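Per-chain residue numbering starts at 1, and chain names A, B, C, D and E are given in the order in which the chains are listed.
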Amino acid sequence: MNYQWNWMIFWEEAPDGGGTYFDTLMSGMWFTLGTAGLAWLIALLIGTCVGVARTAPNKSLAKTATAYVELFRNIPLLVQLFLWYFVVPELLPTAWGDWMKGLPNAPLVTSVLCLGFFTSARVAIQVAAGINALPRGQMMAGTALGLTTWQTYRYVLLPMAFRIITPALTNEVAAIIKNSSVGLTIGLLELTARTRSMSEFSFQTFEAFSAATAIYIAVSAIALLISNLLEKKFVIPGFSAKNAGLAKAGGH
Amino acid sequence: MFDFDTDVIARSWEYLFLTGMAFTLKLTFIAAAGGIVLGTVLAMMRLSSKKIIALPASLYVNLMRSIPLLLVIFWFYFLVPYIGAWMTGADEPVQVGALSSCVITFILFEAAYFCEIMRGGIQAISRGQVAAGYAMGMTYGQTMRHVVLPQAFRNMLPVLLTQTIVLFQDVSLVYVLSITDFVGAASKVAQRDGRLVEMYLFIAVVYFVMCFGLSRLVGVLQKKVSIVR
Amino acid sequence: MIQLTNVNKWYGQFQVLTDCSSNVAKGDVVVVCGPSGSGKSTLIKTVNGLEPFQQGQIIVDGISVGDPATNLSALRARIGMVFQNFELFPHMSIRQNLTIGQTKVLGRSQDEANEKGLAYLDRVGLLAHQDKYPGQLSGGQQQRVAIARALAMDPIAMLFDEPTSALDPEMINEVLDVMVGLAQEGMTMMVVTHEMGFAKKVANRIVFMDKGAVVEDCQKEEFFNAPRSERARDFLAKIIH
Amino acid sequence: MIQLTNVNKWYGQFQVLTDCSSNVAKGDVVVVCGPSGSGKSTLIKTVNGLEPFQQGQIIVDGISVGDPATNLSALRARIGMVFQNFELFPHMSIRQNLTIGQTKVLGRSQDEANEKGLAYLDRVGLLAHQDKYPGQLSGGQQQRVAIARALAMDPIAMLFDEPTSALDPEMINEVLDVMVGLAQEGMTMMVVTHEMGFAKKVANRIVFMDKGAVVEDCQKEEFFNAPRSERARDFLAKIIH
Amino acid sequence: ETAPTNSAELTGTLKKIKSSGKITLGVRDASIPFSYLDDKQVHQGYSIDLCMKVVDAVRKQLAMPDLKVVMNPVTSATRVPLMANGTIDLECGSTTNNIERQNQVAFAPTSFISGTRLLAKKSSNIASLTDLKGKSVASTSGTAILKQLTALNTDQHLGMNIMPVKDHAEGFLMVETGRASAFAMDDILLASLAANSKQPNDYVITKEAISVEPYAVMLRKNDPQFKHLVDATFHEMYKSGQIKTIYSKWFTQPIPPKGINLNWPLSENIAAIFANPTDSGDPSTYAEVPQNQLNVLNKKK
């Protein structure tokens, strides 16, 4: 191959200020983790509410929740991000639109929101699936004790549902980390964006992409490790979530 | 507010659909079909009791699942010519077009995800079913072929199709190779004519309609093929 | 204490309960039996409002179950229910299973709930297992815990839905024994079961259902010795072997 | 026809079977019973090689099951097996369930397999249901189909693993009746069951297991009238109520 | 020049072309007017016309009149690896020739010189970089401009909010929707963006240049035979004046697809490189380099 390898490139100064290429990539990684982390909080919060709503006895509530899920999961993330950034502010009242545009960290805020909403739809699917995987009798047993519907969800159904869907949620965490790279399209300086600009500035494309690949693998491995620890911590003696047969493994 | 220029869509719909959408659908179907077949093989490997068979499969799957698709597309695009040369023994890298490269990449990548779905599906079939197959005198292959896989496949059909919808959306990432899929076609027109907002809204609507329609179809189909219990 | 009057229930087009009426007085032990799918579970679940019904009236301890104004949670807290599959909460220890209803519904203090719960756990002979989780107990043990959990709420009546049909044969008796004890202490009970031995021993009335209707509702002796309906005779012949 | 000699089996550290020996002659009906977890299912599954074992010897019709050179598929095709949960193939119609083994394993033509399968389906009284799917039948009907499926392979012996324990009480008899008929026609059978009525009626030998060991292996009369071991007496007391 | 017809004497790219019977051009989708797709999905543009001259020369030298030309679309991320692994033989886009990039690839003689300038709405009265104090400015990610803006921002304490965007069209959209006050990019690209927009007259391009960007066709490094042929072709084209026709076809006449005229007459600087062809990666060869750019260059060394 007609290619000049230069692994020392990482220690050369990057032209966009702020230290070496290595430093740049690291700062990209923190942006990736930060974006993914914040978006995950949103996704978990909204996803749980919407997921519960999907299983609610109230038909119209369940329908609304389903509509929410369908809306957010049927449009490619890339397109959603673009719409959030360029179209939503124009559709809002001018003052709100200007406020959105004037946010100091607009790409970060937009990416977090967009990624959060997108992932919340997928989390909602998992949460609903987890609740539905529990025997119908569990809901009945809670209600028969005199617990209200809300208390039954809070104390009986959700704790079990979350244990069952932990593997699926781990996949979603891995996915949100990887998906945060779409932020680059609106100028979020996360890992992939940093990698690309490094390859553009230096033309050492392969070194840049190797580094990014290695960082992504490491981050995923750590995420997997943490989730395994969590799974161990919350394991229920005598109960195996595998029996629920629900480690649905879709998504990216 | 924008003044929407809908004319740009009318001008280019042929390119958008006959070139772009046609490619997107083609790649989606080839990758889904290939991915499911390869994924099923990987799933059976992962479930094998022999470590030498299970370990490489699970390594492969976990590796694929931890790298963003964008990077995978990139790597395969540049490395496939060398893998090809290595396999055929040629001294020049084999020229692999962007399309074949995409097909190979998506099949290999999606197989990792389909593998996990099929693995879940196979594991969910009760051990009793396998025992019943064996007890009848069926071999491992026959039990898999006639008893386990048909059931796993039908049970997992909704998830497989949901994953296919994800795949359908992910095809848009081939823009890194400058291939003209639907999103690529639309954004090329958008950039050339400076009509980004109109185009992106249009893409959103088209995707929503197609994906939503598809997922409705999945529901109908599921009722048809699902096993009477 | 429990009065059912012409209860009708439909699932869509399908009528599950047709004009069911019965009356359970304080201290009664009523066994409900009948072929599979005859509506036994559905009937017993309408009593504490777990299943809504469309026509008729159910009065429990003077409160109308079907009335939209009724606070169902409060009513349910006063009626214990035991399910076929135990339905203990798998993520809670046995002790937590026994106290959650008391603290969250009755508002008892944790200490009080503990004391009460453990007393009943002792009564079903499982005090030693208070820190285990449901998955670590055998089916028979789980069902006994489920009974203790219901009793800890100080119910005025107990409903049982096939409490022994998910159990291994050797475990059935340990559960039935607890239930016999309860009956003999005067607890008002409605029990869906196929265990005719239990029925013969402690029931004072038998309700026989078929296709959603109450076909017989009579004293135990009458039912076993001279069932009036063809269907009941048929059923008894099938079930006793 | 089936000889077990000092069979031992471990799951990791845990010994499931300890020195199990027995002998089933042609035409014998042997009932295997014992408490839950005592190893009954495991034992019966070693007979047709569904569970491997580590020590001892099992000879079926002159063929050693434990021998790595044995073609297990061919052996299994000659022994019918019926499971607790029926294990019909839910994605195939009843007819396909009856023919799949015949065509794929025995290499019979589709027509021949059909004819044979339907003859046995008729024998268990379900000919009218040939085009339905398992999920559309009741439990008792499914188990009868499962028996017909095994019989269609022309087995030299039949193994039953708690064939009635997943059934609603009213359906147990319809399955037991089919099994009684089989026994009376001289089929060699090993039956794991808790149905002592069935055992009394048709078994000629009872094998009682506890904790992985064969505790009693004797004539039916001896077992019911004068069980030698404490454990068997205990078990009988628990199970007959 | 005598054309070696015996392929045994050929090396590098020429040998590859001879044995495969085709030459592959790396082309861009939307670099107007250098290399882009028109509405009939044909790749065309200024750089492509230049590359086709090279193709003609290759045909002649290798005596392969029906040498096949393959157009292989590339992006900024793929152009280097594809050149390195032999997928493309010439990159015909709008790639800036600079010294760092010469570590990895070689360049044909420079064929265009652009300057980085700012595009802004007329109404915002932005005439130079200093007018952007405290405002947001967008630029396409991965371009050399970003690094200059960053350096300038710190050196001159401008306090600008620098926003990278995915592509040029999006950069323009940032200005159009008011998310950014200005879009910093190569002037010729800015001109074509403005010309294609809904209200071309709403926008201005500043006079002050931030940097000098020489564009050139890219080829593989360490391939003297092919480099020689490419150089000779360009020299011939420049000397004969053919280049003037090609230039005016793309820069001063209406171009497909919409028949817009960029009105970008030949500047003195560009005329100078046609007179004295060079492939230098040093911007000062081409024009007076703005102090800004010099600062950045010096810092690098």
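Here is the rule we go by: a contact is a pair of C-beta atoms (placed from the backbone, for glycine too) under 8 Å apart; a residue touches a chain by one contact, two chains touch by 3 or more.
Just so we're clear, the structure is a prediction, and the values are computed from it rather than from any experiment.
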Distance in touch steps, counted as few as possible, from chain D out to chain E: 2
Where chain A and chain B overlap in contact partners, by chain label: E
Greatest separation from chain A - chain, by CA centre: D
Chain of greatest Cα-centre distance to chain C: E
Separation of chain B from chain D, taking each centre as the mean of its C-alpha atoms, in whole Å: 45
Whole-Å gap separating chain A and chain E, where each centre is the average of the chain's CA atoms: 38
Intercentroid distance (Cα basis), chain D paired with chain A, Å: 51
Multi-chain contact sites of chain A, meaning residues that touch two or more partners: 1, 86, 90, 206
Contacts with 2+ other chains: residues of chain E: 77, 81, 85-86, 170, 173
In contact (per the touch rule at the top): chain pairs: A-B, A-C, A-E, B-D, B-E, C-D
Residues on chain B engaged by chain D in the complex (per definition of touch): 126, 128-129, 131-132, 134-139, 142, 146-147, 150-151, 154, 227-229
Touch list for chain E against partner chain A, complex: 76-77, 80-81, 83-86, 100-101, 103-105, 138, 141-144, 146-147, 150-151, 154, 161, 163-166, 170, 173, 177-179, 220-223, 296, 300
Chain C-facing residues of chain D, complex: 35-36, 138, 165, 168-173, 176, 194-195, 197, 235, 238-239, 241
Residues of chain B touching chain E in the complex: 3, 5, 11-12, 15, 19, 74, 77-78, 81-82, 92-93, 95, 98, 175-179, 187-188, 190-194, 196-197
Chain B contact footprint on chain E (complex, rising order): 16, 20, 28-30, 32, 36-37, 39, 41, 72-75, 77-78, 81-82, 85-87, 167-170, 172-173, 193, 196-198, 257-258
